[in-house]
Amino acid sequence: MHDPQFDAQGNLTHLLSTEGLSRETITRILDTAQSFLEVSDRNVKKVPLLRGKSVFNLFFENSTRTRTTFEIAAKRLSADVINLDVSRSSTAKGETLLDTIDNLVSMHADMFVVRHSESGAPYLIAQHLHRIGRNDVHVVNAGDGRHAHPTQGLLDMYTIRHYKQDFSALTVAIVGDVLHSRVARSDIHALKTLGVREIRIIGPQTLLPAEGERLGVHVCHDPRKGLVDCDVIIMLRLQNERMSGALLPSAREYFHCYGLTPALLALARPDAIVMHPGPINRGVEIASEIADGKQAVILRQVTFGIAVRMAVMSLLAGTHAGTQA
Amino acid sequence: MHDPQFDAQGNLTHLLSTEGLSRETITRILDTAQSFLEVSDRNVKKVPLLRGKSVFNLFFENSTRTRTTFEIAAKRLSADVINLDVSRSSTAKGETLLDTIDNLVSMHADMFVVRHSESGAPYLIAQHLHRIGRNDVHVVNAGDGRHAHPTQGLLDMYTIRHYKQDFSALTVAIVGDVLHSRVARSDIHALKTLGVREIRIIGPQTLLPAEGERLGVHVCHDPRKGLVDCDVIIMLRLQNERMSGALLPSAREYFHCYGLTPALLALARPDAIVMHPGPINRGVEIASEIADGKQAVILRQVTFGIAVRMAVMSLLAGTHAGTQA
Amino acid sequence: MHDPQFDAQGNLTHLLSTEGLSRETITRILDTAQSFLEVSDRNVKKVPLLRGKSVFNLFFENSTRTRTTFEIAAKRLSADVINLDVSRSSTAKGETLLDTIDNLVSMHADMFVVRHSESGAPYLIAQHLHRIGRNDVHVVNAGDGRHAHPTQGLLDMYTIRHYKQDFSALTVAIVGDVLHSRVARSDIHALKTLGVREIRIIGPQTLLPAEGERLGVHVCHDPRKGLVDCDVIIMLRLQNERMSGALLPSAREYFHCYGLTPALLALARPDAIVMHPGPINRGVEIASEIADGKQAVILRQVTFGIAVRMAVMSLLAGTHAGTQA
């Protein structure tokens, strides 16, 4: 089947998932991000690559944090950014998603950054744009349901590459609510493409996917076993709604079993890095002393995230060096 | 009586209504819009005509769609755009509308784009600006109560001119809730000024204005009669609140009688165009196959709308060629 | 104790309060503001002093008016402005205030404009930035609890200097709910530093601070005594919640005793100016004829306020001439 992320010539047209991206494509995105890191340190933090382009933030699911990172990235590329408060807009008046898209395309939109609670919504938009022959309009998936959050996946890869250089010898642990996590899914696809030695997913049975082994990862319920000799530990955010539900007894209980403490971290390799997509729940997923400690690279992830989003936007818009698959 | 849209020298200072605009003024706006259409197709979709100007979106009634079109138009003219969430602002704290305006003028506002549920609110603001001697500050009515929505009226004229060139031989049908529609009112004034041969308003008795004939239009309750040989069909949006009220039995019933279907459209001239201000209710005002069909120009209206709003803003700000009445 | 507003070299790094600012620092801010007043009158109202800088509006307490003034000031300095709807953001998801700040700093924020219902929140942020060694990131207090609203205090000083030039001979009356007013507190500190002859606070016992005399001001419950021979009258806004509470009988009663009427104003010096931070409650704190009269300078305060905020932002960012204490 044709991957809707690429056009007929194999150029990256949309970023919908880390699944389907070749090692070369991922590497090109990370290399481009590296060149943008320097821009954020300049006195004037702007480049004109997207000047005159209209980027629409379409957040059907509210996320101030993620929207802000895309807004900053787009503004540093000199784009015009329009935030649509979709929950209050025409969609609320009964207009279909694709009619909304058609209208924005008619306003000469160049890029949609889409977050949606339904898995697949960004695909639907990308397919529609293809159907109406508008391959010059691009979609970036900013998180869809439980499915994917590819820019988070890519910034995680950037972070790991920054600290560990070579992926082939690494053991990476992903800890927490893997079942409901689009971040975990995007990380796993990218890590496998980049060829890490071993991926372990660690969490209570109720929060790990049943098909774990089929994904080619090691499933583990006991972090005291799973974290042994890890190079990279990716902690996942625990959604509050899980804690009040049937899936977990309580936040305190969760922290007791799966929260990252100095004792647990000591099981990993001494140079292991600790990552988290944020926002962190101190004392739930992670002990404060770890979050603020030397091995945590959580805030560096945020910095890298702006550069990665700038890279994705400029590569999609074709204003940077092309990305043939 | 003095038309508050014009200053003492006859220059267009505010856009409040299509009523009172001469054929020359309308034509100048449409011609200017035409020159902006090309800007939206450029790689860098910006012109510096409003650089350094502060445009305030004052939406006392929420409308993400319309606000977005003005925001895009202003940004493509390089203006600084400030969206005021008026429902949460000082007005909510008991400040009067004109005190809010005085404050924003003191912040060196250059233009107000105003939507208000009360008919006449933009006039009140324009008159106040005149009284305090600030003819350099401009008002664009983005829809006031049931009264007027002049930029929609003008973009509708642009669309008709684009497809039909000459207005004098045209029969135009406006179908639906004409009674509550500011779009219909703005269209009728402009169409009469531009000299169309015949205007027909079509809808159930409860949704047509009692003074219909006095407006110089033909009133018709049966679309099977009213649509015969029309050149232009303007479908109006049916507000949800009408359907649940006493004015209409149900959406299904409405569609059965007044929804535009292939059978009804076949009664019009074969080259008739179908227009709608959006957002459309598929299967209520219009059958999906018509909305997506060859005769529908609904999405072109959206594109033309950006250009028309850019034209209005630049003409008012006097940064484009002047508009003596 | 070290004043967190200044760095080790004595440069103004944050604006948290008018308390602790020397007469020289205040004067430098007002002089810089004066140079910006002219910018707002230009055809292109922009200077490139903050180009490429990222200014974050962090309004934990909603205030469309104040946020707008900072947004306009930052945009006229060519900054990128990001409005964070903090009530809907990560903080709402349980993230701590300082974790939010750390994240935004990691996105290369240059300045935070902070409003918070808790006194001291901007100090907390400034201290944290100092602790993590980021003196290149600046905080502007846009109002914290009952504590301070320094840009309002400074624009009030600008207004008084504009009309009265010399502070040393002035009698200034502050009328209303002084107890709960951060504006009053910021004004009093600045007025004392600038050396006015006399400050009087006037209001009902329930709305004046018990420590009034200790602040070095004259406390007065009867405006018919307090306003006699004043040069400057600063009316405070009466919060609606006070009127419905136990502190005040009713708005009508309040106006009868403390509302500024022509009869009361006649007691002051004939060239006295009337100020108000806005938004005004006509007929509660102030009679409409006074608000619209010749002695009111309320709208000029708004104009000066933009210039003062531009001055503060450019001085903090170090893009204007420096401000050693």
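Letters A, B and C mark the chains as written, and numbering starts fresh at 1 in each.
As a convention for this text, a contact is a pair of C-beta atoms (placed from the backbone, for glycine too) under 8 Å apart; a residue touches a chain by one contact, two chains touch by 3 or more.
Per UniProt, the chains are A, B, C = Aspartate carbamoyltransferase.
Quick caveat: nothing in here was measured; it's all calculated off a predicted structure.
K.L.:
Shared numbers divided by all numbers used: is that above or below half for subunit A and subunit B, i.e. same or different?
P.N.:
different
K.L.:
What rotation angle, rounded to the nearest 5 degrees, superposes the C-alpha atoms of subunit A onto those of its identical copy subunit C?
P.N.:
Value: 120 degrees, nearest 5.
K.L.:
From the C-alpha centre of subunit A to that of subunit B, how far is it in Å?
P.N.:
Chain centroid spacing, subunit A to subunit B, equals 41 Å.
K.L.:
Check each residue of subunit A and list the ones that touch at least two other chains.
P.N.:
none
K.L.:
Name, in rising order, each residue of subunit A that touches subunit C in their complex.
P.N.:
Those residues of subunit A that touch subunit C are 40-46, 62, 64-65, 68-69, 71-72, 75-76, 240, 278-282, 299-300, 302-303, 305-306.
K.L.:
Inside the complex, what are the residues of subunit A that reach subunit B?
P.N.:
Against subunit B, subunit A makes touches at 51-54, 80, 82, 84-86, 88-90, 93-96, 99-100, 102-108.
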